[in-house]
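Some structures are shown below for you to check.
After this come two complexes, each holding chain A, first together with chain B and then together with chain C.
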Partner chain A sequence: MLMETVARWFLDLYETTGINLTIVYDAYDRQRFLSGLGMTIYLAVVCILISIAIGAVGAWAQGSPLRVVRGLVNGFVVIFRNTPPLVQIFFFYFGLGQILPRIEDADGMRVPILTNVQWAIVSLSLFAGAFNVEIFRSGLEAVPRTTTEAAQALGYTRLGVYRHVLLPLALRICLPALNNNLVNLLKTTTLAYAIAVPETLYVSKQIWTDSQNVPVMMIVLLIVYTLLVGILVFIMHRWEKALAIPGYGQGSGR
Partner chain B sequence: MSAPPPRRLEPSEAGAPLAVLLPFRPPPPAAFAWPRLRLVHLVGIAGLVLVVGGAAHAQASGARLSALEVIWRWLPLLMWGFGFNILMSVLSMALGTAAGLGLGLLQIGENRLLRRVAWAATQFFRNSPWLVLLFFAMFMIPFQFTVFGHTMPLPDWVKAVIGFSLPVMANMSEIVRGAVASLPSGQWEAAESLAFSRRQTMWRIILPQCVKRMLPPWMNLYSLITMATVQASIVGVSEMLTLTSQVHAAEGGRPDLLAPLYGFAMLCFFLYCYPIERFTLYLERRFQLNQ
Partner chain C sequence: MAALSPPEDFGWTPDQPLIRLVDVRKSFGAIEVLKGVSLDVAKGEAICIIGPSGSGKSTLIRCINALVPIDSGTIRVEGQEVNDPDLDKLALRRKVGMVFQQYNLFPHRTALDNIMMAPLHVLKQDRREVEARARALMAKVRLAGKEKAYPGELSGGQQQRVAIARALAMRPDVMLFDEVTAALDPETVKEVLLTIRELAEEGMTCILVTHEMGFAREVADHIYFTDAGVIVEHGPPASFFDDPRDPRTQAFLGQIL
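Moving on to the complex of A and B:
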């Protein structure tokens, strides 16, 4: 009942002012748009989690005594930071996706190992992960050496020092930079559009192609992404507050 | 009261003056180290493996051209596309820097209303995805406009340049605001006591000092915008990525060619952006020493 009233009002709005918000009064468009929004959130959340894991593991591997491991991590970081993310996505999806062998699905069809959504997750996570490695490294460098030495004196192993002492401290130091990069990652999910992942931008384009309401959808898109970024920043700030140790870091112990 | 007896000097320091008595010499700034070849080698090897791997794959399946030969044959076209990317990045950077400087100065200006508006615009454009802003520019800017009776067409790539300059503008605005805020307020007070007007203070005292602080993040931004220009291929501007897929189609659309071709595009951008990143790091380190 309420939905109908709202839909009628927006239909009226269209007839009187020309502001055509099909995503509100048209059930099909609304469904499309919401699923696109869901895909964007799904991509963002999964990529954020994987990229943080990559960052943490990569920063640990950068402190490895083995030169080969250090060189490999450095190479990974440098390559992914200095090449366009869109070309990375194309390289993975078109380049590697074509070379990798195909598997048979339940119906006996030969399908690629990874779908376009999965390739988008892989390449976006690697892209953001490369930045996260650098961010975690700067956080690790800011932890005083004496802390590491104290932990070693208490008998922690190298992994133990990292997991229980260094990483928790480094994470708190680098949260602002991490925050920045994760916002960037959220914005970069739009590039999945290029390999036809049905995320917000992709479905919006379908909607404005069908309904000829480009300017309206454009404004909606910009507002939606601003809101999404706002929510992410809000969550990160809450997390930052929750993690703060009294007396450690800038003005956090209040 | 008699002075306490002088501390006995250690034998090692008996001859030399105490370190604190020596005149202070700042450590010399480290010279700019050209990128060491190790990492570049790694990329080169990775690229070679891809290209050679593609070549081996191709040769195994008949008398078709290897990936390396294909890239070599189309090199002029691909390089032309890459040059177009660079051109777009330079133009949008120039446009965005000029607009961002204005917006940044409004953000720290004296008019409250303008300050609010400039802040809102900066946040809005900074938090929107670049691709959405690109779409925004492509669809919202007319394909031609009329000035004094002359109709001027606006080609797609010009609209793309404007689209890229929007996020540059917003980020530049934040860079300007941050740099001005990072100067000690004594600079403002000293200028005021010397009877400089606000405008004079800004242009003759504050901004010249800010240039040094703004340069590293500005170069970072340039590197980002260069890498973003490939997104123009999504909205139909014929740049390197578009040409790459056209080359792929012209060679018969062989799937094994895609990885080497896109790998080559990555290599081009890497060779352009990596030195910029190193130089930025060097500048950051150098300016930190002098502060």
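Moving on to the complex of A and C:
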């Protein structure tokens, strides 16, 4: 009932002003748009989690006593930091995706190992992960060497020191920088458009092609991303607050 | 309740020195910081190491728990050879507690958590038993009621006593103290020294680097004086302070006292 009233109102809006919000009054466009929004949120959440894990593990491996390991991590960081993310996505989807053998699906069809959505996740996570490695490392470097020694003197192994002492402290130090990078990652999910991942930008393009309402959809996109980033920043700030330590760093505002 | 096997037996018996250093040498780059240091510490003994800044005191005690690897010589802790490429560091470090000049508490955990962390994470002991022990240690260092405080909410002297309790929670056989009162103001120095003195009186084996000569005289069974990487002179406090033989010791004590 309510839906119908709202839909009618927006249809009137179109007829009187020319502001054509098909995504509100047209059930098909609405469904397309919402599924695109859902895909954007899915990409963002999954890539944020994986990229944080890459950052934490990569920064640990950077402190490895083995030269080979350190070299590999540094190489990874340089490649993914110094190349455009769109080129990375194309590299994975068109480059690697072509070379890798195909597998048989349930119906006996030869299909690629990873779908375009999965390649987007791999690519975007590695892209943001490379930056996260650097961000975590800057946090680790800010933890006094003597704190590590105290943990070693208590018998902690290298991994134990990292897990229980270094990482929790480094995370608190680098949260503002991490925050920035994750905002960037959320916005970069639009590049998945280029390999036909049906995320918000991609479905918006379909909608404006069908409905000839380009300017309206552009404004919708700006508003949607502003809100999505706003929500992410809000969550990050809540996290920052939850991690604040009384008497330490920003938590010591007494 | 310890989940780990009991510490390995290295054929050590209590009549042997708990810690034995023989001709320990250590260089940082071209600078030789320890030039052949030998000393024995018996079980239950408290020794003090004094000497001018840069003479290698910190390096010396940091070698004992393998925070600093040595170049040559031997260090044995309850018979376990520290200068062994296959050293079981955990076995060594659960026997050797260490307290630092800058306290070095873990700022993201409460005082009680600081004490409980290593027994839980490293020794994998039972949480309830560890917590009971940690609370008893808080009381022992006169900090009952501060369990939930974070290090940043404690004074320097209080933090240092938490650091002592944290080391004791591992039930070490020997405690290393590296100028643990040097960063404190004179009032709080007393609380910390009192805690250490009680420990020594209870029979904890202690190796103390200190500039507190009065304290060294009262607490130590034996004093070692280091200068430029060697032990110049050592002896019981009475003869060491009242009748120093070496001119370098005399000059140092003349400046300080």
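General remarks:
Please note the rule applied: the second predicted complex is superposed on the first by the 250 of 254 C-alpha atoms of A that agree within 3 Å, B and C clash if a C-alpha of one lies under 4 Å from a C-alpha of the other, contacts with A are read in each partner's own complex, and residues count from 1 in each chain.
Keep this in mind: a contact is a pair of C-beta atoms (placed from the backbone, for glycine too) under 8 Å apart; a residue touches a chain by one contact, two chains touch by 3 or more.
Not measured: the values here are computed from a predicted model.
Judged by the touch definition given at the top, the superposed model places A:Gly71 against chain B, while chain C stays out of reach. Between chain B and chain C, it is B that contacts the larger number of residues in chain A.
By the document's definition of touching, of the two partners only chain C reaches A:Ala151; chain B does not. In the superposed pair of complexes, A:Met218 makes contact with chain B only, with no contact to chain C. When both complexes are overlaid on chain A, the residue A:Leu86 reaches chain B alone and has no touch with chain C. When the shared chain is aligned, chain C comes close enough to touch A:Leu169, but chain B does not.
Taken together, the two structures place no residue of chain A in contact with chain B in one case and with chain C in the other. Residue ranges of chain C in contact with chain A, taken from their complex: 65, 67, 89-90, 93-94, 96-98, 100, 102, 104-108, 117-118, 121-123, 150-154, 163, 166-167, 170.
By the touch rule above, chain B contacts chain A in their complex via residues 38-39, 42-43, 46, 123-124, 127-132, 135-136, 139-140, 223, 227-231, 233-234, 241, 255-256, 258-263, 265-266, 269-270, 273-274, 277. Across the complex, chain C is touched by residues 144, 146-147, 149-157, 160, 164-165, 168-169, 172, 245-248, 251-252 of chain A. Put simply, chain A touches chain B in their complex at residues 71-72, 74-75, 78-79, 81-88, 90-91, 94-96, 98-99, 183, 187-191, 193-194, 201, 205, 214-215, 218, 221-222, 225-226, 229-230.
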